[in-house]
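Structure first, commentary second.
Residue numbering begins at 1 within each chain, and the chains themselves are lettered A, B, C, D, E, F, G, H, I, J, K and L in the order written.
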C-alpha cells in the first residue's frame, strides 16, 4: 500500500497542551487520528513520527519508503540544513506544513531553509494545514 | 449564497500560455472552471477577478461582500503594502496562494508583504494551490 | 481663488469604519468637511481627492493647479518613487501628513520615500494632522 | 495655569546666527516670543528651556509639571535613548518638532529614536514647526 | 509592417517642461517625432505610449504585437516586479532606456528590477538614449 | 521536595580539563557538588544533566517536573530555536547562565536565541554564575 | 572598609513610580536600602549614586576608590562608549546589572557596548539583579 | 583628426575564443575592425587598446588626447576606483560599454564603480554595444 | 598504533547513491576502503564514523584517542557551533574536508563555522579530498 | 593674541596613568605643557580643556573665540552628533586628533561622526598627534 | 611533457623572511624546489611564477599551455575579479592554495572571489598546501 | 644617510592640473620639492615615487631600504590588500597621508584597508599633509 510519512519536529508533541493561543487546542494525537481516517478513506497508509532530535528526522527521511513526506520541521525549519540536505537527496517529494502562520510571528520564523527544496508549503491553517497537505499529497500521487 | 472571491494578480492571465516551465500548462480559465465546479458541489458562490492594476485589486478587496478571499497577488506579493493594508482592514479572511514555490525562485520572491496579515499561505502546488485554498476556505466557513 | 489640493492615498476611504484602534473613528468625509470649513474661513478653495491607484495620484499631482498640496500617501508612502518623482517635478509645494505615528508602527512604515522631496511632514495627530497641515499651507501661502 | 514645556536641544541656541541656509534667520528668542504670545492668547503658560546637555534634558522631562511637552531634541534625536526613556516614562505627552526637514538631509538624520514614544512629529516648517506643535498641544489639551 | 513599441513610464510626459537640469529641454513629443522619422527611414512602424499607471504598462506589454519593445520604466524601474514579470513572460525582446545616468543619481536609482530580464540597458545619453535603443532594436531585428 | 533542574549543554563536560584559560579550572563535578550543597542547605532537590545533544535537552525540558530550570545551553545558545521553543512552551521558569562573559568573546557568541524567553541571564562569573542562578531560583520560588 | 560602588544610570530614579509593568514596584530607595543591609551584614561599605548625565557617571567611575563597581547603565548601556572606556581604564572590576530582561525587549536593547569590558552581566531579575550582583562582588572580593 | 579611444579591459582579448555562450563568437579584432570602418566613414580616428593591467589603463586614460573614450573595463568595472578617478579627472567624456547584460549575471557584476563618473552606460548588446557607443560618441562630438 | 579518526557528517552515507551530479558516484564505503588501504601502507590505524546527529559527532570528538581527525561536517559545517567548540577544546588537530567545492554552491555553503578552529581545509576534489587530507594528516604526524 | 583651543574628550585625563599599552606613558599635563611651549615660541595663545561631558564640550565649542580648535573627542568621536553639529556651526576650523591609530582597534572605533565636518584628521602618533595638529593649525592661520 | 604551472601572488616572495609567525620559515625557493622534486619523480614539468602585479598574473593564466594551474593568489584572492575571469575563461583547471588558514584570520580574508571558479581549495597547511595541491593536480591529470 | 621614501599612488601625478577644487593647485613636483627642502634641512634623504600600478607600489615597498615610508595610496587606499600586506610585511613604518579629507567625500572613500597596518594617518591638509607626515617621520626616527 502506498505510504505517506508525516514527520512532526521538535516540541510539536506539546501542542494542544501548551501555548494554546499560538497553536490551538488540538493535540498531535488528534491530528494523527485525523490523518489516519483520511488515509483509510483513500486507501493509503499513513505513518506518523515525532522527534525533538534533528538527527532522528534526518535518519527517518533517509530510511523511509514512503511515496510522499509531509514535514512540519518545527523550530528546525529555520536552521537545519541537515534536514534540507536529506530532503534534497531523498526520493520522495516533501510537503512542508506549519500550524501557525510563521510570517505573522517573529522575524526569525519568516525564513525556512527547507522550503527551497520542498514541493511547496502550507502554513497558518492549524490542524487543517496537515489535512490540506494530505490532499496535496494525494494530488501528487495521482 | 455565501461567496468566495478569488483574485488573480498581475500577469496571471498569461499562465498556460507563457513560461510553461515555471507555471505549468493550465490556463487561468481552467482554474476558474475548476473552482466553479468545486463551489457548485459545495453550495457556494465563486467570483473570480484578474487585474494587472494594484489599485483595482485594492478596490475589489474593499468592495467585496465575499465571506473569504483567495488571493494570488502575483508580483505584487513582494511590495504592495497597499494591498496588505486593504487585507488588514478588510472583514473577510484572506488566504494567500501561489502556483509556484516562491521559496525556490529568486531571493526577492521569498518575502511576502501580505502574508503577515493573511490567515495562511499555500504555495508550490500549481493549480492545486487554488483548490487546496478552496478547501481551506471551506474549513474557515464551517 | 487660491486652491489647496488634499490627496488621500490607498485605503484612507476606510478610516472611521475599519481599524478604529489605529486610525480613530473620524471618517474621511468628516476630515474633508473640517478642511472645507477652514478653507471657507480663510478664503481658500479646498479640493479633496482619494484614490487607491498610484497612477491616478501621479496624474492628479501633474494636473492640479493648486498652490499647495497636502498629501497623505497611505501605504504608497513607503515605496512609490513614481509619486516622489511627481512631487519633485511639480510646481506646488507638498506637505506630507499621516493620521497615525508611523514611527510607532511596523519597521517598514518608518521610511517615507516621499519625505525627502516634501516641504515637511506631520504625523501622529489623527485628523488634526490634516488641520495642522492646512495651517502649514496657509503659512506657505502667506 | 496649564503649562506647556518647550525643550530645545543641543546647538538650537545658535539658530538665526549660524547655518542660516539650513535653519533660517529666526532666532531662538524669536521662537520663544512667538510661543509666549500664542500661550497668552490661549490662556496657557509656556516654559522654554535650551540645553546642550543630554542629562539636563532628561532631568527637565522628569521634573516638569507641564501638561504637554514640545521637544526639539536636535542632534540627540538620533541617538539619545536616555531621552527616549524619559519621554516614555513621563506623564506628559510629547510632540517632537524639527525646524528642518530631517528626511531631506544626511542619512543619519532620517532616524529618530524618540519618535516611537512621542505622540507625533512635525518637521520641516522652520519656526512654524513650533507653532504648529503649539496648536497640536492645544488639541491634546482640549 | 514590423512594429517597435516605445513605452514611457511615470512622469516622462513632463520632460522638457520640468526638472530641465536633470532631463534636458527636449520634450516627449520631440522624442516621439525623432523615433517616427527614424522608423520611416527604416521601413518600420513605431508606436509610442506613455502612462503613469503600472497596470497600464503591464497591460500594454501583454497586448502588443510589436517585434521589439523600447522601455523607459521611469520610477517603476526600481520596484515594479509586475513589469519585470510582464517583460519576462513577453515574446518581444525589451531594451531598457534612461534619459539620465541613473548611476550618478540617488542610491535607490542604481538598482533596476527590470534589467535582469531585458536584453540590455542604455542610460545617460538624454534623448539619444532612445535613438541608440532604436538602433539596437534594428540590430535585433536584422 | 521542590526540584531545581540544572542543564549543562554541549562540551560543558570538558570544563576544568580543556581551555582552562577561558572556562577556569573548576570541573562540572565541582559545580554539581556546589549546587547540591546549596540545595541541601535550602531544603531543595537539585537534578543535574549534561548532554551534547540538542534533542536530549529539549526532551529533558519537556519532561521535567522541576519548579525552576537553570540552563547553560553552551554553543546551542546561539542557534537552537528548538530549545527556545521548549523553554517558551515549558511551565518552569528558566534562568540562563554562562561561565564566561559571552559578550567579551567572538561576535557570534553575543546573541542568545534563548534569552528572550528566559527569565533572565547571568554570565561571566565562572562557576559562581551557577551559584548566583541558584540564588535567583530561590528568589523565584519564594 | 572595602567599598562597593553602585551606579544607577538615567531614569532609574523613576522606578517604582513609572512603568511599573516593566520595572516592578520596588523603588530605587528600596534597592539602596536592601544593598546597605547586605553590606552591613558583610562588613562592607556600599555607596550608591544615580545620575541622568553620562559625564557624571564617567567622572564617578574615574574618581571612586571602590573595590568593585555594580553598574546599571540604563539607556546608556546601548551607546555610551565613554562609559565603556572609563570601565576599561578603571582599576575596579565592574558588574553590569539590569532590572528587566533586556533581551526580551526592543532590538536596540539587545546590545550592550559596556558588557565586553565588564566582568559579567546579570539581567532580568528585578531588584534581585542588584542583590545577585552584590553576591558576585563578594565572590570577587574573596 | 578627432580621435575616439576605445579601451578594452582584462580578458577581453579572449572573446570569440573562450566563453562563447556568454560573450558571443565575435573576436576583439572583429570589433576593432568594425569600429575602424565606422570611423573611416565618419572622418574620425579610432585608437584601440587592450590591457589586463589596471595601471596601464589608468596611464592610457591620463595620456590620451582623444575627444571621447569608449571604455569596457571588464572585471575592473566592479572595483577599480583608480580607473574611476582617472575618468573623473580626465578631460574626455567616457562612455562605459559591456558586451553582456551585467545585470543578468552574478550579483557582484551589478555594481559599476565607474558608471557614476561616466556619461552613460550601454550593456548587453554584444559587439553592437561598441557600435552603439560609437554612435553616442558621435552625438557627443556633434 | 597511531590512529586517524575520519568523521562523516549528515547525509554523507548517501553519496554515490543520491545527487551523483554533485557528489560523484563513489560511495562512502569506497572512501573508507581507500583510507584503510592508505593507512595500512603507512602503518597507521584509521577509524571511520558516520552520523546524522550533531550530538554524536560532538561525543565522538570528545572521546577519541586519535592523533588527528579528518572531519567532513556536511551540512553542520554551516551552523554547528557545538562541533566547533568540540574541535577547539579537543587535543587532536582537525582537518576539514568537503567532497564538493562549497564555494561554487549556494551562498549559505560559503561559510564554515568550523574552519577557524581547524588546521586547514580541503574542498572540491571529490573522494580525493579525503585522500589529500590523509596526506596532510601524515605531514602533521611526522 | 590669536588663540588655539585644544579640547580633550572623555577619559583623556587618565592617559599616562591607565592603559599605558594603548595610549603611552605621556600624561595630559605633559601634552598641555608641550603645546604651551610651541605656542609661546610661535607667539600664539593655547587654551586647553578636558571634559567627560558631551554637553560641556558643545558649550565650549560654541563659546570659544579661538581661531582654530584642536579636538580629540575620545569616545564621543563615534556617536556625538551634537559635537558634530557644534563643529559644523562653529566659525573656527577644527582639526581632529587621536593618540592611537583608531583604525587598528575595535571596529566601532573606525567611524568618526565628526571627521566629515572637520578640516582633517591626524591619528596614531601618540602625543605627537597633538603637536602635528599644532603645526597644521599654524598652517591654517598663516 | 605535461606541465603544471604554479603561480604565487603578491608578497609571497617574502615568505620565510617576513611574518614568520603567520607563514612559517620556509622560503618560496624551498617550495619551488620541493615542487620540482615531486615533478621530476612524476615525470611532469613544473613552471613557477611570482608576481606582485595582478595584470601579469592574468597575462600568465591566459598564455600558459599548462595542463593544470596551482594558484596562490595572495591578497588578490579577496578582490581580483580580473583573475577570477581569467581562471573561468582558461582551459586549464585551477587549484587554489593558501599557506595559512585564511578562515582563522581577519574577516576580509574569509572570502575568495576566485574559489567559485576553481576546482577546489587547499588552505592552512603551510608549504604542504602546495604539495597537497600537486597531488591533487596529479589526480586531475590521471 | 637615512632615507624617507614617499610614494604617491594612482592619479596623484595629475594634482594641480585636474580637479583643482578637490585637491588644490599645488603640483606633485611642488610637493616633492617641498619635501626635498625639508629633508636637506634635516640631514635626511628623500626619495619620491609615483605610480598608477598597484604592483609597482608593492614592488617598491618590498625593495626600499628607507627607514620610514610616507604613503599616499590614492584610490588604492580603499581596496588594495596587496599593498596592505606589503606594508604589514615591511620593515619600515608607514605613515598614510591624504591631500583631501577622505571622510568628507563619497562613502567608499571612508574606509582605508591600509590604515590598520600603518603607524597613523594624516588627511585633509592639502600639501601640508605630506609636510606634517615628514615631521611625524622625523619623530619616529628620533
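Simple rule for what comes next: a contact is a pair of C-beta atoms (placed from the backbone, for glycine too) under 8 Å apart; a residue touches a chain by one contact, two chains touch by 3 or more.
These numbers were taken from a predicted model, which means no experiment stands behind them.
Enquirer: Determine the set of chains touching chain D that also touch chain K.
Expert: In this structure, no chain contacts chain K and also chain D.
Enquirer: Can you list every chain in contact with both chain D and chain E?
Expert: Neighbours common to chain D and chain E are C.
Enquirer: Quick check on chain C against chain D: do more than half of the interface residue numbers occur in both copies, making it same, or fewer, making it different?
Expert: same
Enquirer: Chain G to chain K: how many Å between their CA centres?
Expert: Measuring from centre to centre gives 54 Å for this pair.
Enquirer: Between chain C and chain E, tell me the centre distance in angstrom, where each centre is the average of that chain's C-alpha atoms.
Expert: Chain centroid spacing, chain C to chain E, equals 31 Å.
Enquirer: Rounded to a whole Å, what is the gap between the Cα centroids of chain E and chain F?
Expert: Roughly 63 Å, centre to centre.
Enquirer: Which positions in chain K touch two or more other chains at once?
Expert: Residue numbers touching two or more other chains: 53-56, 79.
Enquirer: Pairwise, which chains touch?
Expert: Result for touching pairs of chains: A-B, A-F, A-I, B-C, B-E, C-D, C-E, D-G, D-J, E-H, F-G, F-I, G-J, H-K, H-L, I-K, J-L, K-L.
Enquirer: What residues on chain C touch chain D, complex-wise?
Expert: Going through chain C, the ones touching chain D are 101, 103-104, 110-112, 115-125, 128-129, 132, 135-136, 139.
Enquirer: Would you pull the chain E residues touching chain C in the complex into a rising list?
Expert: The contact residues of chain E facing chain C are 9-11, 13-14, 18-19, 51-56, 74-76, 78-79, 108.
Enquirer: Spell out the residues on chain E that touch chain B in their complex, using ranges where they run on.
Expert: Residue positions touching the partner: 53-56, 58-59, 62, 79-82, 84-86, 88-91, 113.
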